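Just below sit the structures, each encoded as structure tokens.
Consider the two complexes below, in which subunit A is the common component and subunit B and subunit C are the respective partners.
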Partner chain A sequence: MAEQAPGVRIGGLTVVYKTPAGELPAVRDVSLTLEPGSITGIVGESGSGKSTLALSLLNAVQPPGRISAGSVEIDGLGNVAALKGEELRKARGRHIGYVFQAAQNSLNPLKTVGKQLLDLGRSHGVEDLRGLVRDAKELLGRMGLDGARVLDSHQHELSGGMRQRVGIMLALVLNAHLVVLDEPTTALDMITQANILKIVREVHAERGLTTLVITHDIGVVAEVADRLAVMYGGRLVEQGPTREVLGSPSHPYTKGLINAIPRLVGDIDEARALPGRPPTLATVPKQGCVFRERCALRMDVCDTVDPEAVAHGPRIVACHAVTVKEHA
Partner chain B sequence: MTVIARRLAGHLARGFVMILVVATISFFIINNIPGDPLAARFEKLVEQGMSPEAAAQAVKVLYGFQPDGTMWQQYVDYMSGLLRLDLGESVTRPGTPVLDVLGEKAKWTVLPVLAGTLLSFLVGIILGVYAAIKRTGKLGDALAISGSLLHGIPQYVLAMLLVVIFSTLIPLFPADGPVDILFEPGFNAGYIGSLVEHAVLPVVTYALSAYGGWILAMKSSVVTVLGDDFILASELRGMKRSIVFRYIARNAILPLFTILALSLGLLMGGAVFIEKIFNYPGLGLLLIDSVNERDYATMGGAFLLITVAVIVANIVADLFYTVIDPRVRGGEEAA
Partner chain C sequence: MSATLIPESASAAGTMRRNFWRGVWRVMKRKPSRMAGVVIVVGFAFMGVFGPMFYPDHLPGDINQITKPPSWEHWFGTDPQGRDVLALVITGSRYVLLCAAVTAVITVVAGTAIGLFSGFKRGRWDTVLMRITDMKLTIPGLPLLLVLATVWKFGSPMQMGLVLGLLGWGGVARAVRAQTLSLRERGFIEAARGLGLSTTHIVSKELLPSMAPYIAMNMLISVTGAVYAQVGLFFLGVLPYESDNWGVMLNLAVFQAGAMIQPNALGYLLAPLLAILLLTLGIVLVVDAMDEIFNPRLREE
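Here is the complex of A and B:
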């Protein structure tokens, strides 16, 4: 079993959704490597396909969606995209922990957290249920909660921040070493957000995890992630070390995103919102670059040829303009 | 447990007041209905040549009372009788207490309607889960359509259809009353067998006509729960299918208990069409007959019985929620 932080290699992943207009890609030809022990952040607007990508890691894309091409190789598990049935169920929770957005109710409202913990243990054939409860209390205590009390509570008796910590506990209690956090701080107040991010960082380091954080909030990735991947219209347009990408963005979309953030110092009007709107499943261009409609650097080639993801040192960028500049 | 006890005490107090209010209202309404069965009897006797004094005496002997005194006095008499569970005597069945009449009729209503309700509830919720899970497939469509269809057919049409098919064309089941009079009433195989045989068609009618509502309600409730985040969350945590299924079922069935409790409360109102068509001398027919015959005491008793049943059903439902839904429990503690 993967007692060490596992590496993850996503290769050429395409996820399509069945619609009346045919099967449309929500994630297209995405390749991404999560180094063992790293925290990777994926940022993108709503509808960019980042949550779909996160679900693909557990082969849990919900119908009418399906993984139509590519693979998700996880150390110790093999290609998750090919797993089925019981094998897949056992991998979830045991090897891959998934933490939901705090605003979502990820707990059964009729059962106490403790009873759901026991259900989880039984589902995964844990024999030492007392030990499981002990681990859960320890984890909750580690996150600043009164473990015994939380286990005895129902969802409606917990605050958003507490629920989120319960979610993290449930994702880690079976000793999963790959953790996916989908919008972990959305809908939390700033103080709780900072707390949760601190917990994510610390638990990540203590337990030796490989972590993937999905968010629309660049501040969150800046705070926790070693590597950053930017998604747009189902494509990964740029990825690289967080500091580099934020410090000197290459892709025009990344630049636009960063220019849109208001600064604490300086004129508020310096923040420029990106013109236009992100494409939806139905309006994503079939050929050419997905970002060209909103791009200031648009060229003829962008209309016809989908830019390939090209490595520039530790950075991978999918943009004709950037590639041309390099070669010029 | 103290929470439940406190809730129960509150409910009982409120229920008691409600019963008194309903009894008061029905007393005054019934008393103001034009026509007076005792006066009618008195006049009939006078017409037959009896002297007014003798006729008055005869009526008094027959019914054990003569309504003199103010309405206020009668009201006090009625209410104090109520507190002793004395609903008075039936007007059309002189000498028989209304309570006995109600008890005698209630069994022919409670048995088939209760059996029909529980049967349809059970079948409806189980098939409702399948209708929800398979809602994109043919099975789901078929189940939903069956629900809408049966929900739409009036009960009496269904009843007559069943009588024609299973009693007349293919004489499988009788439709001539609740039991064969050949058998000695009591706990013997012949009598019970006859009871069951006679109950099949009414129960099936009731179950079929109620089933549509259950399956549709359960289907929409399950679809709502399936869309809840915690179901996906449970799957992503690798919970066993059987456990996830229990999560879905328990959450989806919750709102249906209110409907079940209410329909069980209304059960005492009887099912007039079914009782008429299958010759069941139940509460529905009793109520209709007592209205036609101006049997005020029986009418009042029947109304009261329905009231009490609905109130009790509501109390039971509420206490039940306190037990099964932690959010209701918590709400009481905070209040």
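Here is the complex of A and C:
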């Protein structure tokens, strides 16, 4: 394969949704780089813009949403945000594999998995359909499923975990080297979760992929990701190597998130929930820091000035308090 | 796992197609009533296409056999001109069935196309098309037909079918649009888009089959509606008796042969009614099978 693990550079991406109250940003001025061959995790609360960010990698934000500014540069594809029509359609599936949120529901209930696989192949002009079926069987086999049986099954004949794996297979079978997993383990039990994550890691290493995992489960990210990005209210508040971010979080939101996780040992009360509630599209502050309402380190400047994302070594943090501390 | 791979004998696509027909056969076999339905519908189609060929253009009347009750010679009796009622039903079927078929095709094609387009595209075109549909839905069918009957003779079933079809697509369009709106938000449509399947494929191969039983159901309603409407018009006598058909028969049975008061003419009245009943029954049974053919979940043993 000529194409190997593409790098992705998201620059100043803003995605707005049209509402009666005007166009509100779900993702605001996000810059993120996915190194070739890395696994990046994005965590955040529900409604923090994770999925919207992931969809914009496909330029698949549905109306009333639209990408209003910024670019998504993918090696070998160019700026996806500017792609249109056929070109965009061809890029999806072939270059970018996408495993959807609730992949359990992403199979057509009326068709066997094999039929859907063939549809996918034909849509992308695959000549060797038999080879495609063989690849699919092999991938399914890698994930511990009986390929022939799964391809001959309808969606309702498979369990949730199996469907999830089928979703991953469909995302990978056309040899996409950039894979986006949107909540790959939501609604699965712990064992299946662990299995899926193992598969993600293995397939990632085997095929040389660049992977983006979207989740609200920090455990998942800790398990698979090399780099971690934390989203809040449509902003990326902190990003850096997973170990560092989890080990010594610097943004007050990341700290709060990690403090909220109950430990296996010790008093359960040590886990402290973040006070307040996450902003919705309508309540996100127009100016100043998005997190200030819930922040322990709030300063005057937070009310008026949106903190810049500043690099501190391998880490990028968007917080006035942290910047002040670092420079003091 | 990969060691268990069996080399495929036939192309995968071929296997799928065979499975489909085998599935159809199994669905049919499950309930004998469905077989009956298919037999009835095929029988009526045969009757409409070939039936009139067995009879002369003008059925011979036997003046010694006027308005006779059912007998071995004349299964449903004879009419006031001494013609065999069964022969009248058969020769009259072509007009009724052809008109119903034309209505069904127009209703389903126009309704589905407009509904799908509106529901899938949304936005401005949706608004325009749906307002047109709303306007169309407000046109009262029967009064319009009565008015049209003063201008047109509806001598040809095509003409009749066309008018009924153009009157009937509104409901289907609305229903299909609603169904499309709900389906397009489903996970598998989103996933198909995300995996780069073309819009044509998504609409024709993902959306449409999900709605097939629904559309079939609507087709049933429009076919029976068309049959009732035209038979009704002829029965009311607002249309000239340009041709032989079931509606004309009913009209003559009641108003000429006096079926309401004369037991001898009962066969004349019942024969077309029975034909309509059988046709409706056949279509209902076929639609029942259709539901299961398109929904693999119902197909489980």
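Brief remarks follow.
As a working rule, the second predicted complex is superposed on the first by the 323 of 328 C-alpha atoms of A that agree within 3 Å, B and C clash if a C-alpha of one lies under 4 Å from a C-alpha of the other, contacts with A are read in each partner's own complex, and residues count from 1 in each chain.
The rule is simple: a residue touches a chain if its C-beta (ideal position, glycine included) is under 8 Å from a C-beta of that chain, and two chains touch if they have at least 3 such contacts.
As the structure is a prediction and not an experimental result, all values here were calculated from the model.
When both complexes are superposed on subunit A, subunit B and subunit C occupy overlapping space and clash.
Once the two complexes are laid over each other on the shared chain, residue contacts for A:R277 go to neither subunit B nor subunit C. Of the two partners subunit B and subunit C, it is C that touches the larger number of subunit A residues. Of the two partner chains, neither subunit B nor subunit C is touched by A:K18.
Shared-chain residue A:R94: touches subunit B and subunit C both.
Residue contacts after overlaying the shared chain place A:G147 against subunit C, while subunit B stays out of touching range.
Look at A:A60: by the touch rule set out above, it reaches both subunit B and subunit C. Look at A:E138: by the touch rule set out above, it reaches subunit C but stays clear of subunit B.
The clash between subunit B and subunit C in the overlaid arrangement falls on one stretch of those listed (26-34, 44-52, 80-88 or 278-286), that is 278-286.
Counting contacts as defined above, subunit A residues 58, 60, 89-94, 98, 100, 104-112, 119-120, 123-124, 154, 156, 167, 170-171 meet subunit B in one complex and subunit C in the other.
On the side of subunit A, the complex with subunit B involves touching residues 55, 58, 60, 62, 89-94, 98, 100, 104-112, 119-120, 122-124, 154, 156-157, 167, 170-171. Per the touch definition, subunit C reaches subunit A in the complex via residues 1-2, 4-6, 8, 11-13, 16, 122, 186-188, 190-198, 201, 205-206, 209-210, 294-297.
The touching residues of subunit B, counted against subunit A in their complex, run 228-230, 232-241, 243, 247, 250-251, 254, 324-327, 330. For subunit A in complex with subunit C, the residues that touch the partner chain are 58, 60, 63, 89-94, 98, 100, 102-112, 114-115, 118-120, 123-124, 129-130, 133-134, 137-138, 140-142, 144-148, 154-156, 167, 170-171.
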